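Consider the two complexes below, in which chain A is the common component and chain B and chain C are the respective partners.
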Partner chain A sequence: MLSPERLALPDYEYLAQQHVLTYMEDAVCQLLENKEDISQYGIARFFTEYFNSVCQGTHILFREFSFIQATPHNRASFLRAFWRCFRTVGKNGDLLTMKEYHCLLQLLCPDFPLELTQKAARIVLMDDAMDCLMSFSDFLFAFQIQFYYSEFLESVAAIYQDLLSGKNPNTVIVPTSSSGQHRQRPALGEASMLEGVEASLFYQCLENLCDRHKYSCPPPALVKEVLSNVQRLTFYGFLVALSKHHGINQALGALPDKGDLMHDPAMDEELERLLVQVPGLVNSVSASPEASCLPSRTPPRVASPWRPLHHSRKVDAESDGSTEETDESET
Partner chain B sequence: MAVVPVPLPSPKMAVEKRRPAVVPVAGFTDSGRPTVSRTAAGAESEEDFLRQVGVTEMLRAALLKVLEARPEEPIAFLAHYFENMGLRSPANGGAGEPPGQLLLQQQRLGRALWHLRLAHHSQRTAFNNNVSVAYECLSAGGRKKKPGLDGRTYSELLKRICRDSEAPEEVVAPLLRKIQCRDHEAVPLGVFRAGMRTCFVLLEFVARAGALYQLLEDPGLAAADRRVGQAVLDTLEGALQAGDSDAAAPARYLEAGSRLGPDSLALAMDRAVVARRPGVPMTREEFLEKAAALFIAKVKPVG
Partner chain C sequence: MIPGKYRSVSGRATNNVNCGLHLVIQTSSLPEKNKVEFKLNKETSSFPGRLLQHDLERNYSSRQGDGRVISPSPRNKSSCISSTTNVTELCGLEMKTAMSSLSAFGDSSTQTPSKSRMRQGCHSAGPNVSGDHINLVSSSMPSFPILQRSSEEKILYSDRLTLERQKLTVCPIIDGEEHLRLLNFQHNFITRIQNISNLQRLIFLDLYDNQIEEISGLSTLRSLRVLLLGKNRIRKISNLENLKNLDVLDLHGNQITKVENVNHLCDLRVLNLARNLLSHVDNLNGLDSLTELNLRHNQITSVRDVDNLPCLQRLFLSFNNISSFENVSCLADSSSLSDITFDGNPIAQESWYKHTILQNMMQLRQLDMKRVTEEERRMASVVAKKEEEKKRESHKQSLLKEKKRLTINNVARKWDLQQNRGANIPTNQDRKDSDSPSQDPCPIDGSTISAFPEETGSLDSGLISALQGLSVTDTHLVEVDGDTLSLYGSGALESLDRNWSVQTAGMVTTVSFSFIEFDEIVQVLPKLKIKFPNSLHLKFKETNLVMLQQFNALAQLRRVDQLTVDPQGNPVVNFTLWKYYVLFRLSHFSMQKINGTEVTQNDMIMAERLFGILAHVASSELPQYRMISILGDTRKKQFQYLLETKGKKPGITSEENNDSKRLTGENTNRATLNYTTRDFYNEKLEEIKEKKKFCKMYIEDLVKEATEINMKNEALQKLWPQMFIELVRDAVIEIRNKNSYMKLCLQQITDQK
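Moving on to the complex of A and B:
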């Protein structure tokens, strides 16, 4: 059907919006690195496979980080690949540390920066005890926000710092709420009460940011929803709320809802089929195949007989967005 | 380091193999093939290489197609584009006996269809270009075939276009009868172009009519109130007739548009419900058939 907006854009803007040139350039680079393939299969076939793999999202596997983060589609594809490859970690209920998750990420992207994994872990662990264990789903959803919106979050952090120190970063005049501008740093005694920044002021700044931000932002309406539920909040409180918001997860479109995270019958079938073909594994089919490729240290089991999934979903519904530590019940 | 986990959506071995193998990807190396023959590329610069093997030209053409058609999903469009190109060149894949006459004909139809669908018919220039290319595809001479497009191929193509759409057969059949040519007749480009455009416009018209019906339909009955359905059809007919009047074209379009505006439509529907008694409900097929008939009545027959 018609979509006049797309058709009315100038050529170059249309191409930039869809990242066509990024993929064309990359296709040529890949072709140059694999010249022997084209003599065998032909150029058209090479390009067909390249662009098909981009559509399917398999093009980011084992690629360098700069490429993986180059477009929103690449980021979403990477998140999806990470989920699909290591879903069984969550299914088994294994809890891993930040470093272990980082190893998993590096299996898919060898030069994945540690900094990004650390930032994601900080969302789950609230800035303390960075060697704590995290559940797969907690890490995955925090990682999703941190990785997909990483530029946006950097700007948000700057705004937050400005607000915290009493500056108004956007020079937006807000006649009704002066607290942000004139507030003195709280005395130690009331620090716990006045932790963070005022939510409505924070939102005004973020709304402004979303308007002019050239990278991906979460939908402003959903950010508003997140911020309208609270009076004040801290930076990490905000990130936790974003990572747990299922609307934002849906808008991003890379991962299923939290409840369906472990549910993928087609993939399970495929796994079964593949496992039968591997002679060494047949005896241990019940165990996860991925367990074998995890870093050798097996994390200690916290609660020995892991609760089956359908029980834990009920718990999920009750948990609010304010868990400060990895909550076993949420796996 | 262990083997990279296998469970990926659909492991495209060939594609993954070409990624720079920074990780030792044990599972993906195909021992049957000679590893590298990079010496051939030797000293030539990459740009020269790309030009020599035709990559530059190929990508330029692809990019032009993308810009012409402005597809919603350009990457899928490109995958499709190159796939079609790969099928066309005999050097790839088709290393067997030459295809039979029938198969050749099918391939020609497929290629023509692909060109026709590259751009929406409202993008006039792009669509017309693609129609011309499709026409050339179909009228290329073969060993036994004289150049030129015959009525049989043209009708076959029209049928394929309609069959691939969601429009019911009996709805579009009257149009096909009107714009088809005789099997042995030669079809000139003008007739071909008009036929293709009419066909695509009708299919979109039917799709929209289907959406309209959905709004009228009572989900419980799986049918619409006849009074309302008929009122909508009458309004549609009135609007189409407004298009026939002697006034200048832009004025006619405005007139037709205003008759179809939500307010006049609502008024007509309201009046119909009040004035008449409920009759037998109207089914989707009936509604679509009647709507399409209004359109088809305006189409001039070929010849």
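Moving on to the complex of A and C:
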């Protein structure tokens, strides 16, 4: 119980840092909101349910955005909920626009800001052609990075800009500041020819940032791994690398590995059960599982207004891989 | 009206009519042989037949105008007959004489039998039955025969000369006949009018059935009153300048293409232009005495200027090419016209012919030779009134249509403005958007007015003037057309508060929304559900449907069979998933059509496949307190509405409650997917913020208190062992000296007592 962290801080700060206060506040708030109904089945029961749902990650469903982004746990829970609910959309192989993904997000969180979705799309589409179609997995992983580390990424963006413009980022106190500056001057000259910033310098800044950053940031070791592979890189290059990094995904823990993205046997089972209940459904579906697969896959490509499955040039390789995997895993 | 002069002249003529006219015409080329004796029989014996014929003709013409078509022989000149009668009436002549004297320009056919009987040729002088003897003597002058009459004939018929059927190719020189008033050249082959300029007293000149090609040689005949030039080859009306006293002008059966050079004939009563080549009639001004105008058998398509004829009573337009009343509309302006014929024209075939004519020409007494009865007139006016009404109705209709169009335009413009403004103020647009347009309509009106003229440019002038009275500032439009209720503009939503008749409400199965913010529509959906329980088909156009979750709002309706979301102004339609989401979310309606496309089983399965998990997660994984709160919101909302509107009627309320229960029962697993409008949601967020603030403070206090207690507790825990030891030590020290301790104890006991 008494972790060293626990002892290092005064109680109140500790509670605040671990977001316990957030949940307590929210619990009371929820209680307040529905006090008549809740008082009927017991306040103790309510608190039990509340904290259970927090543990299960279902507490964020249909909540307001301010709550969803309040804690890392909430963010992870939201990412997971999004994945679970709309995995089927990705499984179907549809490519959607940023706006449509945004709509899906809004189904879970009515006031989800468009800005965040746009930023995530920018990672996938490399800052241009915002109307392009994206595969589900591409978007999801980019969105994960953007959403979970949004504050961190903002700071990174600032650092990147500072580095690009050649001055030492004032937000970062680099221990070897003088040498850093020395190294930067030639880098500036190269920057005009080469794109982006030098990876090692960038890492130094980021490492520093991670140390000080009070919001969640990716594990520095993994960031180092990402940056160590290249000499120079751009901001979006960095983001793309982050979003595709398995380790970071694992560290975050909200989503399964890319290969398993379409796997959710429990839910698939549930879905089959639901399909049987479709009002006025033909017997054939319940009779043979193949039949149930067939109509769902064929009609959208033949008669329905679904768009032909064009992949935008940038997501080509990625999305193809993921859809193929889906096909295999399904059969 | 009639110049006395003429009457007296005719009177004199009358006196002489009964007397035979004996002329001797001598052709100079055939001195003796060709001396032909004519007998122009003007005797009473021939009269009855002629008279009979005339009567016949007259009746004929008055009864059946068409008869002439059947036997259109050039001999049948009905026009002449009417002229005849006309003259008879006007001149007040004795009937018989008038007939006889004017029969010349009447019908040759009437005379033919008797005449031919009388004389077969010029040279074969027929038996002198009785009457005139005319000797045509070929004169010494080249090619012109000179006419001489015996003196007794001259005395007998001093003022008339008849040279019918003499095979004359030129006009003979008529000498010593200066008193001649009546000259007849019927049925000859005369090509040119000449040699008669000395006959300055001539009143009556008949050149019927000759080969005259141009009117000429008449300039000296100033007293001429009757000029008969029927059945000739005249192409142009000309050279009548001096014939100012002309009373009757017959030009029928010629080749005249144009009415001209007649404007000075202010005494002309009868003008016959039948069987010519006229196609347009105009240039009639100046004919101030004209009472009869005959224009039968031409190719007339339009008539003008008739309203400039103050005395015109009879107008014959039979057998022409008139096809619409507009082409002869001047007739309506003539106040004197009482008799008109249109038979044989295309116009007479139309169903509206009779009543249109009668309606436009109230003064008419005869139409196509039939008396116009009061009944007919009444019928005509009834029909006309009906037509007028119809016209007015259609005018009103088009006016309404136009107004509708304008209103919709206006609403659309306003909508556009609103949308643009919304785009300009991306943050916090929701609130401002819905409020601002109604607050400042001025710029909107301005733009409407400026755009007005070009918009109505296509309309006829009458409509435009009527439209100017319309207010184009209407900001909304409600229209019930059959089973469709169309609402344009957000203001139209208020109409749902109106008391709709049960019938209307029951009939409406389609509700269409245009130019209305979807969020505003959501707020009236409960009303819609109550007021129009049969609405099955919803249409949205320009309603700012942008999110899938907005469709959640439709789930609260009772039934929706069809949904049409126009891509215009509804970006959500561009999404690949929207249809499936609708099917999924509104699956309890078992919808049949979306945007006109039939919903198939596969669509349903696909929808379930895509969103089924969402529903499952939403229903099974949502903690109960959340479920309560979410479902509670909807229920509360409905309840609130019921309290507001129908609270007084408990029956309906309970029914509503049942209804909502049934609804939520139907799709529990997706009832949690609902839509709150932006306004409402923001309100809710505000509320939550307030609560959060309070909770934060409350928890802060609680936690602080708890941590303080905890701290004290910890401190106590730290101190406690030492305290305990100290306490024990004190106790031990106290009881170390047994005796003194005992003493002390005893002392205490005794003190107590």
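As a convention for this text, the second predicted complex is superposed on the first by the 245 of 331 C-alpha atoms of A that agree within 3 Å, B and C clash if a C-alpha of one lies under 4 Å from a C-alpha of the other, contacts with A are read in each partner's own complex, and residues count from 1 in each chain.
By our rule, a contact is a pair of C-beta atoms (placed from the backbone, for glycine too) under 8 Å apart; a residue touches a chain by one contact, two chains touch by 3 or more.
Just so it is clear, the model here is predicted, and its values are computed rather than measured.
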(request) Would you sort A:Gln18 into first (chain B), second (chain C), both or neither based on which partner it touches? (result) first
(request) In the overlay, answer first, second, both or neither for which of chain B and chain C A:Gly247 touches. (result) neither
(message) Applying the document's definition of touch, where does A:Val89 land relative to chain B and chain C: first, second, both, or neither?
(response) second
(request) May I ask you to decide whether A:Ile43 touches chain B, chain C, both, or neither, giving the answer as first, second, both or neither? (result) first
(request) Please indicate which partner A:Cys55 is in contact with in the superposed arrangement: first for chain B, second for chain C, both, or neither. (result) first
(request) Would you check which partner chain A:Gly166 touches, where first means chain B only, second means chain C only, and both and neither mean what they say? (result) neither
(request) Using the superposition described at the top, list the residues of chain A that contact chain B and also contact chain C. (result) 11, 15, 24, 28, 30-34, 37-38, 41, 49-50, 52-53, 56, 58-59, 61-62, 64, 81, 84-86, 107, 110-111, 267, 270-271, 274, 292
(message) Going by the contact rule set out above, which residues of chain A touch chain B in the complex?
(response) 1-3, 6-7, 11, 14-15, 18, 20, 23-24, 28, 30-39, 41-45, 47-59, 61-64, 73, 81, 84-86, 107, 110-111, 267, 270-271, 274, 289-290, 292-293
(message) With touch defined as at the start, can you tell me which chain A residues reach chain C in the complex?
(response) 10-12, 15, 21, 24-26, 28-34, 37-38, 41, 46, 49-50, 52-53, 56, 58-59, 61-62, 64, 66, 81, 84-89, 92, 94, 96-97, 99-100, 103-104, 106-107, 110-111, 267, 270-271, 274-275, 278-282, 285, 292, 295-296, 298-300, 304-307
(message) List the residues on chain C that touch chain A in their complex, please.
(response) 546-549, 571-572, 574-577, 579, 587-588, 590, 600-606, 608-618, 621-626, 628-630, 632, 672-673, 675-676, 681, 685, 688, 691-692, 694-696, 698-700, 703-704, 706-707, 710-711
(message) Using the touch definition from the top, list the residues of chain B that touch chain A in their complex.
(response) 2-12, 14-16, 18-23, 25, 34, 36-38, 40-41, 46, 49-50, 53-55, 58-59, 62-63, 66-67, 70, 72-76, 78-79, 82-83, 85-86, 89, 91-93, 120, 122-123, 204
